[in-house]
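Each of the two complexes below includes chain A, the first together with chain B, the second together with chain C.
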Partner chain A sequence: MTQTPIISIRNVTKRFGSFTALEDISIDIRPGEIFALLGPSGCGKSTLLRIIAGFETPTEGDILIDGKDMTEVPPNKRPVNMVFQSYAVFPHMSVADNVAYGLKMDKLPAAEIKTKVAEALKQVHLSEFSHRMPDQLSGGQRQRVALARALVKRPRVLLLDEPLSALDAKLRDAMRLELVKLQQTVGVSFIMVTHDQSEALAMADRIAVLDQGRLRQLADPVTLYRKPADAFVADFIGRVNLFEVTAHEPGSTTATVASLGEIALAAAAAYPEGEALVLAVRPEHIRLTAGEGPGVPATLGDVAFQGDSSIVEVTLADGRSVQVLEDAAESARLMQLDPGAIVTLEIDWTKAAILRRSAL
Partner chain B sequence: MEDFRRNLRVFLAFFTPSFGWLALFFLAPLVIIFLYSVGETVSLTEVKTTWTFANYARLTEPEIVTLFIRSLWLAGISTVICLLVGYPVALVIATAPPKWKPWLLLIVILPFWTNLLIRTYALLNILGTRGRVNDLFEWIWVQADGALRFVGLGEYQLLGEEYEPIVFLGRWSGVIIGLVYVHLPFTVLPIYAALERLERSYLEASLDLGAGQWRTFRSILLPMTMVGVITAAIITFIPMLGSYLTPALLGRGQVDMIANVIERQFKGANDWPFGAAMSLFLLYVTFIILALQAIAAMRRSRLRGREHG
Partner chain C sequence: MARRRRQRPGPFDYSRKLSLQMVFVLATIFLYAPIIVLIIFSFNDSRRGGNVIWRGFTTDYYVKAANNASLIEAFTNSLTIAVISTIFSVILGAITAVVLWRWRFPLKPGFEGLVALPIVIPEICLGVAVAVFFSYFGLYVPPGTPWPFNLTNIIIAHITFSFPFAAMVIRTRLQSFNREMEEAAKDLGATEFQVFRDVILPHLKPGLIAGGLLAFTLSLDDFVITFFTSGPDTVTFPVKVYSMVRFSVTPEINAASTVLILITLVLTAIAMRYQSFGDDRQ
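On to the complex of A and B.
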C-alpha cells in the first residue's frame, strides 16, 4: 500500500526536564483508518496524541499533516479535532451551542451552522437533546456531544483520548461498535489512545504498542497477536506464558527452557548470542489431559469459568504456574477433578515462539 | 450530627459556649445599637429609648444621601479596579508552575499579616506630594526636561516651569488607591480558587475547536469562573463600603466615607442615636446586597430545575 499518509510523525522525541516521555517515534497514519496508540499508563501515548493536537511541542522531530509541517502551528489552526477523556463539554452551553462552538470560530453563516449542528446531532442520536444542558445528560450522552462537536468540524483526523474509559462495562462494548460504525460513515481517520488491549484489538486497523516512550511494535491486530516483536508485546496483547530460555545456540532448532527442559522448535530462531530470550506459549496452544501421559506433567489448580471457555491454572513440577485455555466441554470435565489432580500438558510447539525479552 | 441532637447534654456542652459568646459579644451589642437608633440624646452621656423614627428620617438629608452615594461610588469603582487587576493576578498564579504557586500566593496574602495602620502609613509615605511616586514622576520630568533642553527646546518650557507634584492625599484618587491596595487579596483569592477548580481540558477543547486565546477567555474561561468573580466582588465591596481607616488617613477628612461620619457621631458630634441609625443602615445595605445575590443564585438553579422537568 503506497497511500500518502495523512499524518506523519517523524522522529518525535519529547522530554520533560530529565524525563524522556517519547523517544524517536516515527509513525505514518493512513487515510480512513482507525489507529490505536496502546500501552500501559505513563508510556507516552497521551503525550503523543497531545503533540498531534498541538498542546505540546516535540523536543525534537516534526509532525506533518497532509504533508505540511504543523510542528509550530497552534492547536486552533490545525485540521484535527479531539475528543477529551473527560469529554470537556462546556457546562454553560446547551448541547447545540457546544456543537456550534467550533463552527462559529470558522465564521460560517448562522443558517449553515444550524443545519450542520442538526446533522451532527442526528449522527450521534442526540437530536432530541439539543436544548439540554450538559448536567442533564448521562456520561454516554456527553461523550456523543463531544464526538459531534469534534466531527462537525470535518477534521482530517479525529483524536480520541481513552474514549471508552469513563463508561461502564456494558455501554463500553456498545460504544466500541458504534465508534467503528461512525468512523466508517464519516470516513475520517481516527487516532485513539487506550491502555486496554482488547479495545485496541477489537477496534483498530493498526496498533502502535508503546512502552516507556518507545515504539515496541506497529502492526495490525492479528500480526501483533501472532507475531509479537518481543516478550513485552506478547505479554501486553492477550494472555501468554513466558519461560526463560537458559540455553540456545543461534540457528539451532532446540533450546533449553526453564521449567520445561530441552525442547524442539518448529523453526530455528536467529538471535545473536548472549541475548536474553524467552519462550512464549499462548494458553490456547496448550491442551490438558487428565492423568499421566506423554507431555509435561502438572497438577490442576483453579478453573476460572468464563462461559464459553475457561482459564485453567496448573502448576508444573518446579512450582511454576501456567495458564491454559480450554473450551466449555473440556473445562466441565476438568471441574470434576479435585484440585491438585495430576494432569498432562501437551504444548503445540509449532505455535510456540522464541522471543527477545526486549526488542529495544 | 444526628447523635448530637439525640444526646441533648453533649449537644448543649458544645453549643452553649459558642452561642453564649455570640450572644454576649455580637447579638447584645447589636441590640444596644438598635435601641440607640430609636432613641434620643437626653444628656451628655445618656440616651433614652423613645422609639422615635427621627434618626432614620435624618438619613434622607441631602448631606447624608451624598455621603452614601459617595461611599457606594468609591467602593464600587475600587471593586471594579480590584476585579480588573485581581483576575489577571489570579490567572498568573493559577497557571504558574506548581513549585511557584505557594510563594505567589504568599506574596498576595503577606500584607494581611502586617498591621493595617502600618500599611496605610506606608501608603501615606508613598503617595504624598513629597512621596515616592512623585519622586519618580519628578525624576522622569527632569529627564524629559533635560532632553528637551538638549534638543534646544529648553526656553519654551513645554513641561511647565517646574515639576508639579500630583496630589493623591485628600482626593478620591488616594482613597481609591488605598481601598484597592487593602482589599486586593479579597478579590484575588476567590477568583484563584475558581480558576484552580477549572479543568484545563475545557480551555484545550476551546482551542482545539478553533478559538483563539482571547475568544477562549471570553467564551469559556470567564463564564466558567463567573461564580468566583461574583463572590470576589461581594467580599471586596462589602468591607470597602464600611472602610474607616483608609478614607480617614488617605482622605484627610476631605473624602469621608460612611464609617468616618459614623465615628464622628459617636465622638465629636456626640449624637449616638444618629450614629447608630447610620450603622444599622449600612448593615441593611449589606444584607440587601447578599439577599440579591442569593435570589439571583436561586433563580439560576430554579431555571435549571425547570428545564429538567
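On to the complex of A and C.
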C-alpha cells in the first residue's frame, strides 16, 4: 500500500500569536480515498483544511500537492477546491452560473463550460434547477450546488468543511451515502473536516483524530474503534466506560482499578510502573443480569430506548455510573424492573482494553 | 359552540388599541400635512401677497415657474451638483467602507472617528470652515468660469459632508457579507480584483444605491453649507427659494417645490425597487 501520496502534509505547525493551533502534523493523503479530520471544536482541524486550501500559511512545515511544494501558492492557483461550511453559494448568480464560475476564471471556451456545467449538475441531480436562484433552493440543494461548483474544476482533492452540519438529521444521513457514492463516481480524494465521530466512521476510509492541535491517532475506522491509541481516542470514538487504573506493576497479573478493585489484568504489566493507565470497556462488552450473581454488583438507572437496542445506565457501589448496551429483548426485560433494582455486570475481559491516559 | 376568546392586545399592538391609533393618526398628520398643504397651494390662484387663502384652482404658477429663468437655472445647478457630488460620494464612501472593513492599520479607530466627524459637526460650523478654507488657500473658482465648472466649490463642499453618510450605509451592508463567499471565489480561481467585481460588488449594490440616494437628497436640499460657498452666479435651488421667500411666498415657490418633491419621490421609488432586487433573501 505504498501509493504516492496526492497531498503530503509535512511537519506542519501553525501558531496564532502565542496560541498553537497545530503542532507538528504530518499526514499523507492517498489518491481516491475519503479522509476525515476528526476532533472536538478548536482542535485545529479546520485550520489544517484551510492550510491545504491556501487560506492560511503554516508557521512551519510544508504542504505538497502531487509532490510540488504549495506552501507559497495562493488559493486561486491550487489544484484543490473546497466546499464551505456555509456553502457560500453566490446569491446573485443562478445555479448554472455558480457552477460555471470557476471554469470562467480558467478562461475555458463558452461551449466547453456549458457541457461541463450540464454534466456536473447532472451528477448532483440538479439539472432541472440550473436556472433557479440560490434563494429558491433548499439547504440540501444549495450544498449540491457547492459540490458541483467545486467538482466541475476537476480538483486533485476536494476539501469539505463540516459538509453535513448545516443539514437536518434525516437529510444528513441520506447525504452521507450520497457523498460516498459521489466520491466513488468521480474518483477524487475527499478530505472532510467533522466533529461528528459517527459521520467520520460511516464515511471515511481513514480518520485522523486531532486534539489541541496534535494528531492523536491516524487509522481506518475499525482500528480506531477496536484499538484506540489512548483514552482520548477511545472516549471520542463511540461510547466507552473508562476506569482509572490506580496501581499496577511490571510482572504482576493483577492490577487495581477504580470502582472495580483488584482484578486480573495481565495487560497492564506491559507498561512501566507509574504510567497513567485506564481500563476501557465498550458498552456492548458488558452484560447485565437481574439480581445478584458473580460479577460486579450495581443498581439499575435509566434505560434510553433506541429501537433496536437500549443504552442502560447503572450505578456501581461507589456511585460511578456505567453505560451498558443491551439488545431489544434484554432491554424490554430490564424495563420491567424498578429503577434502583439490584443487577450484576458481566464484563467481557477479552474485549476490555488497557490504554494510556494520553499517547502524547 | 365555544366563543373564541379574544386575546388581550399587546403593548404595541397599535391596530387594536384606540390610544395608539390616535397617536399614529396624529403623527401622520403632523408629518405630512405641511407637505400636502404645500402641494395644494401650488395650485392656488392667488394674485399677490400671502399665499394663505384659497382662491381657486390654476396651473399658471407651474408655467410661471417653468418660465422663471433664474429659478430654472438654480434648479439645474442643484441637480447638477447633486448628481456629481453623489457619484463622488459613493465612490469615496465605498472605498472608505471597504478599507475600514477589510484592513487593520494603526490608528484605525481614530480614522473611523474622523470619517464620521462631518456627520456630527454642526452644519453651520462646517459651512464656515469650508468657506474659510477656500478663501484662505485661494481655492475659489474665479467668477466667469463656464458652467458647470463654476460649481466646483459647492460640489467639493457637498462631497465633504455627504460621503461619510454613504460610507456608513455601505459599511453596514458590508457587515452582512459572508467572508466564505470571498474565499469560495478565490478557491475557484478568482484574483483579488475578480473577487471584488464578481462577489463583493454585487453584494454591495443595495448599499451603494441607498448611500447614493442619501447623498443625493442631502446635496439637493442643503442650504447652510451651500450658502457659504455659493456666489451670485452659482445659486442653488434652496438658496434661490430662500431669497424668493424673503419677498413673499408665492405659489410659484410651491410649484417648484412640488416638482422637487416629485423628483425625490420618483428617485426613491426607483432606488427601493433596485434595492429589493439586489437583496439576497437568504
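Keep in mind that, in the parts below, the second predicted complex is superposed on the first by the 353 of 360 C-alpha atoms of A that agree within 3 Å, B and C clash if a C-alpha of one lies under 4 Å from a C-alpha of the other, contacts with A are read in each partner's own complex, and residues count from 1 in each chain.
Methods note: a contact is a pair of C-beta atoms (placed from the backbone, for glycine too) under 8 Å apart; a residue touches a chain by one contact, two chains touch by 3 or more.
These numbers come from a predicted model, not from an experiment.
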After the superposition on A, what does A:Pro75 contact: first (chain B), second (chain C), both or neither? both
Once the shared chain is lined up, is A:Arg132 touching chain B (first), chain C (second), both, or neither of them? first
Considering only the touch criterion stated at the top, classify A:Gly102 as touching first (chain B), second (chain C), both, or neither. both
Contacts of A:Phe84 with chain B and chain C, given as first, second, both or neither: both
Touch test for A:Asp302: chain B only (first), chain C only (second), both, or neither? neither
Does chain B (first) or chain C (second) touch A:His92, or do both, or does neither? both
Mind sorting out which residues of chain A both chain B and chain C touch, each in its own complex? 53, 55, 74-77, 81-82, 84-86, 88, 90-92, 101-102, 105-106, 135, 146, 149-150, 153
Chain C-facing residues of chain A, complex: 53, 55, 74-77, 81-82, 84-86, 88, 90-92, 101-102, 105-106, 134-135, 146, 149-150, 153
Which chain C residues qualify as touching chain A in the complex? 178, 180-181, 183-191, 194, 198-199, 202-203, 278, 280-282
Could you pull out which chain A residues touch chain B in their complex? 53-55, 74-77, 81-82, 84-86, 88, 90-92, 101-102, 105-106, 131-133, 135-136, 146, 149-150, 153
Under the stated contact criterion, what part of chain B meets chain A in this complex? 199, 201-202, 204-212, 215, 219-220, 223-224, 304, 307-308
